[in-house]
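Both complexes shown next keep chain A, but they swap its partner, so chain B is in the first and chain C is in the second.
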Partner chain A sequence: MELFIILGLLATAFALVFAKRLSALVGSFSLQSFFLVLLSLREAVRGAHLDLYIIAGLVLALKVLIIPRILLNMIKEIKANENLGFFINPQLSLLVALGLIYLSWAFSSLVFAHQETLVKVYGAVSFTIISLGLFIMVFRIKALAQIVGLLAMENGIFLLASAVSGGMPFLVEMAIFFDVFVGVIILGVFVYRINKLFVGIDIDKLNRLRG
Partner chain B sequence: MLKIPFSFVFDPLSIFFLIIIIAISISSFIYSWGYLQGHYSTAKIILGQILFVLFVFSMIAVVTAGNIFLFLIVWEIMSLVSYFLVIFDTENKKSIEAGTIYMVMTQVGTAFLLMAFLLMYRAAGSFDFNAIHAALITMSAKQKNIIFLLLLAGFGTKAGIVPLHIWLPIAHPQASSHVSSLMSGVMIKTAVYGLIRFGIIILGVNSLWWGELIVVLACVSCLVGVIYALMENDIKTLLAYSSVENMGIILLGIGSAMIFIKLGFTVLAVLAMCAGLYHLINHAIFKGLLFLGAGSVYRATGTRNIERMGGLIQKLPWTSIYFLIGSMAISALPPLNGFVSEWLILIVFFLGALAITGGLKLFFCLAAGALALTSGLTAACFVKAFGLPFLGRARSAKAENAKEVPWSMNLGAGLLALLTILLSLGAVYTVRFLVGVSGFVLAVNTSQINFSLNRFILSPQIGGTINLSTPILALILLLAGSGAFILFYLLYGKARVVIGQTWDCGYYKLTSRNEYTATGFSKPFRLAFSFFLLPFRKVTKIKESRYHVKSFSYETKTTKVFREYLYKTILGGAFGVSRNMRGLQLGSIHIYLGYICLTLLLLIIFVGKF
Partner chain C sequence: MEYLFLILKVIIFIGLAPLLSGIITRIKNNLRFRKGPGIWQPYFNLFKLFRKDEVVSEQASWIFRSAPYIVFAATLTALMLVPALTAWPLPIFTGDFLTIIFLLSLGRFFLALAGLDPAATFGGMGSSREMFIASFVEPVVILAIFAVSLTAETTNLAIIAAFKAMHPATVLAAGALLLVTLAETSRIPIDNQETHLELTMIHEALILEYSGRSLGLLELAAYMKQILFFSLISLIVFPGWNDLASFLLKWLALGVIVAVVEISLAKMRLFRAVDWLSFAGILAIMAIMTLILGV
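What follows is the complex of A and B.
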């Protein structure tokens, strides 16, 4: 089960990097969030905490269902070109991602030097997801990729918190969910406005604000 | 949550500063009612007075705060409130500019202090003065040196030590006069308090060069301050530069006390500290008095330019008496208090040079030379500051129509004039009190140290032959003066006085423009110190014929070396760096995100190194 979740999280992270279409990107994100739900459920079953069930439910509702739905609707509505737009093509991105995994592993084994191997692995996976999320934000042109990248980074942080340090306090977790939700809505509004103003959501066109 | 520890100290040093703060602020407060009345709306006057009271309380808190945390907070409150008082005249663009420069400099100073305090806190693990003092005893000399330099830079900015004085002559004149008197009289003294409290009491003098550095900086401040003051034609700016000079004199005393205590000459150290503190209280009082006087002149004439005044002794008799007393005291004319303190510092230098062997002998002789030169130049400066506005004939219609100021202003200034005279005549009592304070500061038992023969005669060299008695000196001068007056009166009488025109070689058209000008007065000094002042001079004549000049214009100005070469370079460098940094800002969101990504990667890669 442990191995399954870890592999799933990693695979979906790679899927995010390799995705060529907007809907594939959103789908991969949804799948990644689903593995997080599995992780939370496993923790909940083991710890028999009501809080963890609620959190798992919320992840399922928000990140697996509602947010991807919102994003997909947005893509449909603004009739965006399905093509993501790359600064670095998927093949090369995959190579970079491999390098990032190695870095994350090295970092994780440095930070969690005195912990058991499983913790190191979880640490490495979460650092990988965070850095790949950032990677997507930097090297993909369409504004939606930035949103998904940010959400993926948030997933990585969630993973780090729940797998390595046994989860954040319930209240903090709730606040973060709320933040993410509001963030997606606001970013969605921005994407609509960008689409209207610039006839497209390629954010490399937003380059006039400079000193 | 961090709890702000409230603790206060009321030791002799704090009480000494409390006395100064209360004496000056009461006089300024009385003065302020007359000064503000009728020039601002009632709401603004109330606002000004609230700020004023807040300012006074923040200064009281600064000198009584019992731990560094509280000290830093009230120190900042003091800076902020004084900033608002500097820009009180909000319609005036100059005030805003002056306020900005003041704000920047004072924040730079506080940054240094913050660093010093954090180092102290790290060593002690406590904010409390006593705990820090105990913890610092075991600190290494190198760290102590760093803390001392940080403290010197931080408090030096507030004290206006050259080259950190730049804000002082800009900000002080822009505040209302009663606030200037408080800022120049008291606020900058809190920096001396800080230096004594943290540098001497808490840190403890660790190396000889601390005192030497302070004395050298003080000599430079003295000379630079007085030379600039001499060039200045704006009466309040002149007084502000003179504050720079007097802070230098105060620090001469304190710096040499640090040298003596390190060398083990405890009696001399007490005398030096005592002289420094004496000059501190003197300067607080007569500079306060002079600023109030300058404010009265400003209210009466509507200008601060000395060139447009003249003959005010007729219009403002009270103000001119106060201003004369203040000028005489600051010029160190016997028997007034300025003379006593500067004389004491000179004696300290001479006794130091006699007691010490080696290079320091020469060092003290040079310091004494610098002080003597400063003292002479100060006298010249205040001949100008008093003579040109008050004597002669009015140089403008404004000065012609000047009216005596309200009684509250005269009362406020009068109190300070009275204090000046009391401090002069009661020199022995003052020194006795200050010996106690100095003994506390330097941790010396002063019960055996007595610098006076009896209630009237000071004798700084214990068992020596150097004596000074201000009451007797005053009596002699009074008798000699009145004797000479009576003699002349008997010889010539009132009837012999004839009032007529000045002889003008038959020109018959002398106007007030033919009077000696302030610029003309300072010309010899401009030439003598031209290597430092770098004066610029431009003369244009328009001639009708070879023999008749139709118009003539003369323009001169001096270069402010520190502003021109030091601060402009720093500012230019900062702006240059900023302009180059703008290359990073390309406008592309992806590149900005890339910066974040890169930083994260570098942090991950180099995490082991930190």
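What follows is the complex of A and C.
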């Protein structure tokens, strides 16, 4: 089960980097969140806390279903070209991702030097997801990819909190979910505005001031 | 006596290689509700080709004439190194998997030269495409088998096959090898064995100038390469069951998988093939990572 979750998280992280279309990017984010649901369910079964079940349910509702739906609707509504623009092409991104994974593993072994292996591995995977989210935000042209990258980073932080330190306090978790939800909506409105002003959502057109 | 048995094994492999291809074609046709050729058709083709005369271009040099023999010999030697059916490969003193990959790429190198040699347009195109695909195939094969050799802590295939430990990593590696096998045996997502369409063919374009016995040898070498890859995969996923009956079963199972994949996918254009092989690469890398992370 552990191996299944870890491999799933890694595979979806690769999928995020390798995706060539906007809907594929959103789909792999949704799948990644689903593996987070599995992880928190496992924690919940082990700890037998009601809080953890609620958190798993919230992740399922929010990150697996609602946010991807909002993003897909947005893609349809602004009639964005399905092609994700690349500053670095998928194959090269893959190589960079491998390097980042190695760095995360080294960093995780440093930070959790005296912990058991599983903690190190989860640490490495979550650092990987955080850095790959940042990578997607920097090296993809379409503004929607920035949103997905930010959400992936948030997934990585959630993973770090729940797998390494046994989860954040319930209230903090709730606050973060609310933040993410509102953040997506605000960013969505922002994308609409960009689309209207600049005719398209390519962020490399955002280097000049427009009224 | 031991040697006699090992030689017998290689003969069995060569004898069964065309049959495997015939069975895969048969399964494909049955799944598509077509009445295709019988499973013995590859043998008839080979006999026909071996009896015919050759036509060789006046401009062709010795490379063109010798390439089929080099390709056949390289594939045969590679096949000997696979420790299927017997515990040890034929040259008992040696033979790890890097040798197999080297021998296969030696054959590929001469085939690519032979494609360029008669200066026909299609041959050159085929050579460039073949090398383009090969440059992605080889690293993936090496990575995938490295993943397996990390579990067994050796690159010697005989010891790997006798190791008998299924690990999640070996399954991932076998998946990567299966994707690569489809590319190496020129099957559908990458290439298509059934057509000679100018724009898409890769392997067929390479051997377009050949006829008669040379063509027969090249086709037989292709069948042998297929059975070699199938045996490699089955050695990795199901190590231990090393007798002929279970090998027939494993080949048949892989044949069914290949046939189903082939009829359910469309051929990718050449530059999409990179995606397919990168996916295989991701699988192989994940296999290695599961081992390194030690979960």
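The rule is short, and it goes like this: the second predicted complex is superposed on the first by the 208 of 211 C-alpha atoms of A that agree within 3 Å, B and C clash if a C-alpha of one lies under 4 Å from a C-alpha of the other, contacts with A are read in each partner's own complex, and residues count from 1 in each chain.
Simple rule for what comes next: a contact is a pair of C-beta atoms (placed from the backbone, for glycine too) under 8 Å apart; a residue touches a chain by one contact, two chains touch by 3 or more.
The structure displayed is predicted, hence computed values, not measured ones.
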item: Combined model on chain A where chain B meets chain C, clash or fit; value: fit
item: Contacts of A:2 with chain B and chain C, given as first, second, both or neither; value: second
item: Chain A as apex of chain B and chain C, Cα-centre angle in degrees (nearest 10); value: 140
item: Touched partner set for A:203, first chain B, second chain C, both or neither; value: first
item: Touching partner for A:91 - first (chain B), second (chain C), both, neither; value: second
item: Partner chain(s) touched by A:107 [first = chain B, second = chain C, both, neither]; value: first
item: First, second, both or neither for A:117, with chain B first and chain C second; value: second
item: First, second, both or neither for A:135, with chain B first and chain C second; value: first
item: Contacts of A:64 with chain B and chain C, given as first, second, both or neither; value: neither
item: Which superposed partner A:163 touches (first chain B, second chain C, both, neither); value: neither
item: Lowest inter-chain C-alpha distance for chain C and chain B in the superposed arrangement, angstrom; value: 19
item: Residue ranges of chain A touching chain B (in the complex, touch as defined); value: 87, 103-104, 107, 110-111, 127, 131, 134-135, 137-139, 141, 146, 203-204, 206-211
item: Footprint of chain A on chain B - complex, ascending; value: 582, 585-590, 593-594, 596-597, 600-601, 604-605, 607-608
item: Residues of chain C touching chain A in the complex; value: 168, 172, 274-275, 278-279, 281-282, 285-286, 289-290, 292-295
item: List of chain A residues in touch with chain C within their complex; value: 2-3, 6-7, 10-11, 14, 18, 20, 90-91, 94, 98, 101, 105, 117-118, 120-121, 124
